[in-house]
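In the two complexes that follow, subunit A is the common piece, with subunit B as its partner first and subunit C second.
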Partner chain A sequence: MLPLPSFQYEAPTDVVEASRLLSEPGSQLIAGGTDLLVSMKHRLFEPRLLVSARRLGLRGISEHAGWLEIGAATTLHDVARHPTVLARLPALAAACRTVATPTIQTMATLGGNLMLDTRCMYYNQPAGWRATLGYCLKREGTVCHVAPKGRGCYATHSADTVPALWLMGAEAEFSSARGVRRVAVSSMYREDGIAWLRLERDEVLTRVFVPLDTRRVVHRKLRTRQAIDYAQVLVAVAGPVSPGGTWTAVISSVSSSPILVEAASAAELSEAAFRACQPLSTHLAPATWRKKMVRVEVARAAALIG
Partner chain B sequence: MSENDNRPAWATYPTHTGEPAEGGVLGRRDAKIDGRARIVGAAVFTDDLKLPRMVFGKFVRSTQAHARIVAVDVSAALALPGVVGFATGAELPKKYGVIPVAQDETAMAIGKVRYIGEPIVCIAAVDEETAHRAARAVRVTYEPLTPVLTIEQALDPKMPHIHEASRKPSNILRRVFQEYGDVDAGFAASDLVIEDVYEYPGSTHVPLEAHVALANPEPDGKLTLWSSTQNPHYVHRDVAHVLGMREQDVRLIKPAIGAGYGGKCDPFCTDIVAGHLARKLGRPVKISLEREEVFYAHRGRHPTRMWLKMGFKRDGSITAIDFKAWADGGAYASYGVVTSYYLGVFMPLPYRLENYRFESHRLYTNKPPCGPKRGHGAVQPRLALEMHIDRAALQLGLDPAGMRKANCIEAGSETCNGLKVTSVGMRECIDAVVAASGYAERHGRLGPGRGLGLAASAYMCGALHPVYQNELSQSSVQLKVDRSGEVTLFSGTADCGQGSIHMLAALCAERLGIEPADVRVIEGDTALTPVDLGSYSSRVTFMAGNACISASDRVRERLASAVAAKLGVESSALSFRGRRVFVTSEPERGVSFVDAVWLAEEMIGPIGEVGGYKPHKIGSRFRRQSVGPSPAYSFTAQVAEVSVDPETGIVTIDKIWVAHDCGRAINRTIVEGQIEGCVYMGVGEALYEEQRYRGAMMTSPSLLEYKIPTVHETPEIETFIIETHDPNGPFGAKEAGEGPQLSTVPAIANALYDATGVWFRQPPFTPDRVLAALSRKVT
Partner chain C sequence: MPDEIVLTLTVNGDKHRRLIPASRTLLDFLREDLGLTGSKHGCDVGDCGACTVRVGGVPRLACITLAAEVDGEEVQTIEGIGAAEAPLVAAFDKHVASQCGYCTPGIILSLSHLFEQDPAADDAAIRETLGSNICRCTGYTKILAAAREVAARGGQTR
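Up next, the complex of A and B:
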C-alpha cells in the first residue's frame, strides 16, 4: 500500500500557539485531513510537523446579530444538517453535501474546504508518476504541462462550498499570533495555481461568517459521478436583489480562482459565464465540452431561481 | 427440457451418476458460508498476515516506456537506516508465463524496460515507509529506444522489436486466421451487407484488494508463499520454476481474496520477488502493491480495433461474417495468445452461421500488459456483432428480438467452427427481458432522448483443454468425514468473491443430505488441497463442481453401504436429506448423518474420498481448434433503458433487465450477484472506463480519476435466471460469472441508438462524445 511519509504531530489548544508552530518551517495545519493526507501520500507535501486544528475549539455553529458563525473545524456533515443552514442557507447545505462522499463529509471541515489546494491532472498524482513526467511548475518542476509555453500554473480551484459562500457575502476570520483579520470570502483567492490563497503561513482560518439575510443562491456541481468526484463545472447563481437588478454567478473548477460574472438577465448571465470561462481539459472531459457546460449549468441554476 | 430431446450422444454423455437432486440444498438462497467473515471484517487477507522479522519489499519502476537499462545505482538506498537488502531482475533470469508458448516475462526487467511502471529493482526494508523512501533513492540510467505505442506502430515493420528474440516481422505476438464454410459465397447470396469499424477501449479490473505476496523461508530450505491470486496452481508452478526450486518444496497458500475479475490470473512480480528475497535475506518478505502499481500490473481488457462485415438474408438470417480484430496488448504476452482466439471463436454463437472468417492480431506495445478481464476477449467483438444485428434488423424492417430468436442455434448443434453446444436457453433469455422491459411495445417509441436496446451473448464454461498439455484432472476435490459429522472439503480452487467456496459446500451438502454450513471448505493451499487449475474462463462451478459431486458420491456410497447393511435394505433404497440417511419409501426408517458416519467408520474405517474432473473429449472437427471448445456454453440477453440529456450529452442508464442461462442455479442469490456484478462492470465500460495515455504514460492510475460507477450510477437491475439443466454440468449448472458481461455494453449502445439515432461505435459513451455526435447529427 501507499505509505504516509513520517511526520511529527502537535495538537495545540489555542490559536496563538498553533500560529507560532505554523510559523516554523516545514509545518502544516491539518483539520479533517481528507485532502492533505492523500496529498502527503502522493508526496506533494512532506511536512516535518502537522499542527492539528482538532483541539482549537473551532467546531460549532451559532447565530449572532444576523450572521451565522461557523467554526472552521466544523465538519461538512454538521454544517449540512444544521437547522439554520437548512432553513436559511440551503445552497450551503447542498454544497457541503456534494463534497466527495458522505463518509468523507464526516471528517472534512468547512475551513478545510475553503483552504483546499488547487488541483491539476499533472499535480494530483503519485510521486513516481510525477517523477516520470518530470514534475510540474506547482511542485518540484519548472514546466506547466497544461500550458508549457505559459508562465503560470493553471491548477484549478475546486472547493465546492466557495461559490455559494461567495455569493452569500460570507466572510472568513484569520487569526495568528499577530492578531485577527476578517475578510470577504470573495477576496481570499487569486488567479495563481501555486499561490491561490491570500494568506500568511502563520494564519489560521478560525471562523466563517454567513449573513442570514442573503439572497437566494443556487449551487450546482457537474461531475462525472454523483459521489467522490471533483467538479467538471461548479456554479452558484443568485438572482437580483430587486426587480430589474443584476444576476450574479460564481463559477469554479475552471480556473485557479473562482470567476464572478454579472449580467442584467438570466439569459445574459449564462452567455457571459460562457465567455468568461476558459476551462482546461481534464482526464475525462475536453475543454470545449466543459466550456459549453458552464453555459448549461449557469442557465439551469438560474432557472431554479426562477 | 423438450429442446434437448434431439441431442446427439456427445451432448448427453452424463458426467456424474445423474441422480436427481434430493438433498434440498439446490436453488436456495442461503447466505454464503464464508460471507459473514467478510462482512464483519474477520476474513484474513494476505496483507493482514504478519510474521516475526518480516520486512517489506518495494519496487523501483521504470520511468521509460522503452529503453536499455545502462546502470542501476542502489547505493543511496542501501545507505538508509532500515534497508536490509535488494534484488535485481538479473537475479531472476528465467522467463515465465501461464501460456507455455508465450513465456516472455521476467519478474523484473533485465537489460531493458518495456513499459512505464515495469519493475526493475526491489528494495527491502524493515518498514514500508523506509522501503518506499529507499526505492525513490535508487538511480536508474536509461538509453531510450523508440517506443511502440499504437496498433499502427506495432504493425509497422520499421519499428523496433519490443521483444528482440521475436522472429515476427513486427510487434505481433500472435496472428490467428480461421475460415469456415464459404464466406465469399455467403456474401454473394446476401440481401444486405453491413460493414463497419468499432473501437473498444482498454479498461482494468479494479479489485479492491491490491496484489500482495508474503514469503517465508522455512528452516528446511522450503518456501511458503501467501498470495492474493486467482490461480494458485499456476503461481505455484511458475514461482518454483523461476526460483529454481522443486515444486514440492514450495507451498502456495491463497488467503481470502478481495476480488480479481481476471486481474490476478498471472503470476506477478510480487509472488516471485517476495519468494526470492525471502530466501536471499533469510527472513519473511511482504510485498503489497500500491494502487498505482496495480494499474501497471494491469492484465486488463485489450484496447481493440475491429472491422466487421456481415451478410443477411431478407428474413434476417446471417449468410456470412468476416471479422478482423487488432488487440493492443502491451509489453508482455500474459494470456494474449488466448485473447487472440477468444476475439473470434465465439462469434458463431448464438446465431446460426455457416460461413465465417476471422483474423486477429494480438500486438505488443510499450504499455502495461493486457490480459484476461471478465469476458476475456469476447466482450469487444460482441459489441460489434450485436450492434450489427440491430442495424440489420432496422434496415430489414424486422423486430430485433424476433430476428435474434429466429436465428438461435439449438441444443445439440455444432457451430461452423466446431463448438458443440449441449444446452441453449437463448430464446428463453430473450423472451424474459423482452417481456419484462416491454421491449416489443416500447422500443422505438420512447421519444427523443430515451431509448431501449437489446443484446444477446454466449460464453464458455471452462476450456476443454488445459493451458499446459496434460491428461490429468482439471479440478479435484478431497473430502474428509469426521466422526462428529463435520465434512472437510479440500479444493485447490480460489474463491475470489464469486462464491466457489459456497458452491463446493452446497454441492457436497446436496449429495450428502446435510447443510452447506456443515461443510468446512479448505481451499487454495498446495500443501493441503488437490489441484484445481484456477478461477478463470468461468470454469470453477462446472469443473470443480463436478469434481466435488464425484468425491461426494464416493463418500455417499460408503455411508450408504453401511446404513444399508444396518437397516437390511439395498443402498439404492436410501435417501440423504435433512442430516439423515433413510429408506426412501419409509422415511421414518433411518439414521442421523452422524450415526451414518459412525456406522461407516466401524464397518469400513476412516472416511476420506477424492474426486476429479476433466472434460470428456467431445473434441472438434477441426484439429487446430484448441482454444474455444468448452464443455458447455452459457447464454445471456439484456435490455437497457437509457436517457440522454440533449444539452450535456450525459447518458443515464435507467434500468437493465438481464436474463442468464446458467444451466442450474445452485444458489440463486449468488448467481444473481454474479450477473449483477457483470452488468455493473458493463455499465462502467459503457460510460466511464478507459485507460488513457499521455504518450506512454497512463494518465490516471488512481481510483479518483479512473472512474468506476458508484451506487448512484448503478442502474436498477432486474435479473432473471434461466435454467436449462446442461447434461454435463454439476446438477446441470453452467456459469454465471462472466457471460453476462458480454451483452451489457451492446445493449446500452443499441439503446443509445434508440434514444439518439446515432450508432456509437466507441465506448465509453462520454458526455462530450455523445454531445458532439448529437450536434453533428443536427447540422
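Up next, the complex of A and C:
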C-alpha cells in the first residue's frame, strides 16, 4: 500500500484563477493524474495544493481555419477515436493508442502527455527504494546512478504523442494570469532531465493546435510488451514535401529531449538517426541494442511512408 | 484552503455524500469508506488493472483516481453488475476464466465496456482491452475463450 501524501485541493472554473493558484509555491496542476498520482505515491512530488483541471472546460476537439484544436484535458481515448484525427492525423491516433493501456488512455489527457515528467529507472521508484541508494540527482540526491561520472540528469523524455505532434508542426497554447502565448511543440523541451520543460510555474497548457495540411507522419513505438510499457525507442518520421526534399525524424525515449534528424533520403535518415542518438542501458535492454533499434525503427517508419 | 472535501458520488445506484480527505483515492473510498471490497488493491500504481471501475460508463483505475476528481459522477463497481454483464460472467464460469480471482472484477468491467461499445468485438480488440489487466494465473487463454464466446454471440452483454 502506497498512501498519498496529504494536500489541499481546489477545482477552479477558469484558467486565470487556476494560474493564480499555481503561482503559489508548492502548488501543482492535475489533469488525468495517471503519472502524477503515482509519482506522489512515490513521494517524487509532495504538493501543498493540487489544482484540478477538471472544471476548466478544456475538453473537446474542434476544427478552425485548417487547424484542429484539441483541448488539453481531452483524453487520449477521445483523441484517438475522433473522426478527423483518424482521417487526417492517423499518426496522432496511433500514438495515443500506444500510451500505457486502454484504461489509462480513458483517464490520461493529451496535455498531460505533452507535459509528462522525464523518466528513469532510478527515479520512478518508491521512496524507500530510492532511499537505499541515497536518492538521485533528479530528486533529493547528488549522484546520477545512470552516469555517476556525468554532469547532468539523463532521465528520458518519454511522451508518446510528442514526436508525431512535433513533425506535424503542432503548437501548444499556454495561458496564465499574465496572458496567453502559443509556441511550437518542438520548442517546448530542452536537454535536461531535471528542467526538461520551458515553462513558467503559473502557466496552464490549454489547447493543442495541429495543422490539418501536415505532411504524412508515421509513428512507431518499440517496447518490451505491447501494453503498459514505456518505449525503448520512440520515432516519428515524415517524408519530403516534394520529390527530392528532406526526410525528417524525431526520436524520443533515448534522451531528455526529443531529437530532430534531417536527411536527403530515407536511407540516410536512418543512419543519421543512429549517429545522433546515444541511449543509455535500461534494466530491460542494453544501450547498444537500443541504439541499433533507432536505425531499424526509423527505417521501418520510412518504409511505411514509401 | 481545504484539505477535506464534501464528496457526492453515486455508486451502483446509491447516492453517497461524505466529508473525505482530498487525498482519498477512489479505491480507498470504495473499499474503506463504503465497504465495497470487490475492487481490488493490486499494484497501487495503475499498472495491473485490479482496481478497474467504471465512472460514467468509462473504465478507470480507482487506485490512481482521486475521489475528489470524480465528484458528482456515477460509479459502477463489480458489486453493481447486473443483467448487462450476466452473459460475460456466465462465460467466465463456463470457461473457468477465473482462478485466484483477484484480477476478475477488473477484467469483467474492462470487457463489459468493450462489449457495450462493440458487441461483436474482434480478437484484436479483445486483446487490446485485456492489455489493461494483468492476470498471473490463467495465461489469459481461458479469459480469451470466455470473451470470444461473448463476442461470437454478438455481444448479448448489452
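Criterion: the second predicted complex is superposed on the first by the 306 of 306 C-alpha atoms of A that agree within 3 Å, B and C clash if a C-alpha of one lies under 4 Å from a C-alpha of the other, contacts with A are read in each partner's own complex, and residues count from 1 in each chain.
One rule holds in what follows: a residue touches a chain if its C-beta (ideal position, glycine included) is under 8 Å from a C-beta of that chain, and two chains touch if they have at least 3 such contacts.
Model, not experiment: these values are computed from the prediction.
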Checklist entry - Taking the superposition as given, does A:Leu133 touch the first partner, subunit B, the second, subunit C, both, or neither? => result first
Checklist entry - Is A:Gln8 contacted by the first partner subunit B, the second partner subunit C, both or neither? => result second
Checklist entry - Is A:Leu50 touching the first partner subunit B, the second partner subunit C, both, or neither of them? => result second
Checklist entry - Counting only touches as set out at the top, which of subunit B and subunit C does A:Gly245 meet: first, second, both, neither? => result neither
Next on the checklist: Looking at A:Ile228, would you say it contacts subunit B, subunit C, both, or neither? Reply first, second, both or neither.
Outcome noted: both
Next on the checklist: If we overlay the two complexes on their shared chain A, which of subunit B and subunit C does A:Gly33 touch? Say first, second, both or neither.
Outcome noted: second
Next on the checklist: On the A-aligned overlay, A:Met107 touches which partner chain: subunit B = first, subunit C = second, or both, or neither?
Outcome noted: second
Checklist outcome for this item: Both subunit B and subunit C touch subunit A at residues 1-6, 226-228
Next on the checklist: Please output the residues of subunit B touching subunit A within their complex, sorted ascending.
Outcome noted: 47, 61, 63, 116-117, 127-129, 132-133, 136, 210, 288-292, 647-649, 688, 692, 697, 699-702, 704-705, 707, 709-713, 766-768, 771-772
Item to check | Touching residues (chain side subunit A, partner subunit C) in the complex | outcome: 1-11, 30, 33-34, 37-38, 41-42, 49-50, 52, 54, 77, 100-104, 106-107, 226-228
Item to check | Touch list for subunit C against partner subunit A, complex | outcome: 1-3, 5, 21-23, 25, 41, 44-47, 49, 52, 58-61, 64-66, 68-69, 71, 110, 128-129, 131-133
Next on the checklist: With touch defined as at the start, can you tell me which subunit A residues reach subunit B in the complex?
Outcome noted: 1-6, 121, 124-129, 131-133, 222, 224-230, 283-286, 288-289, 292-293, 296
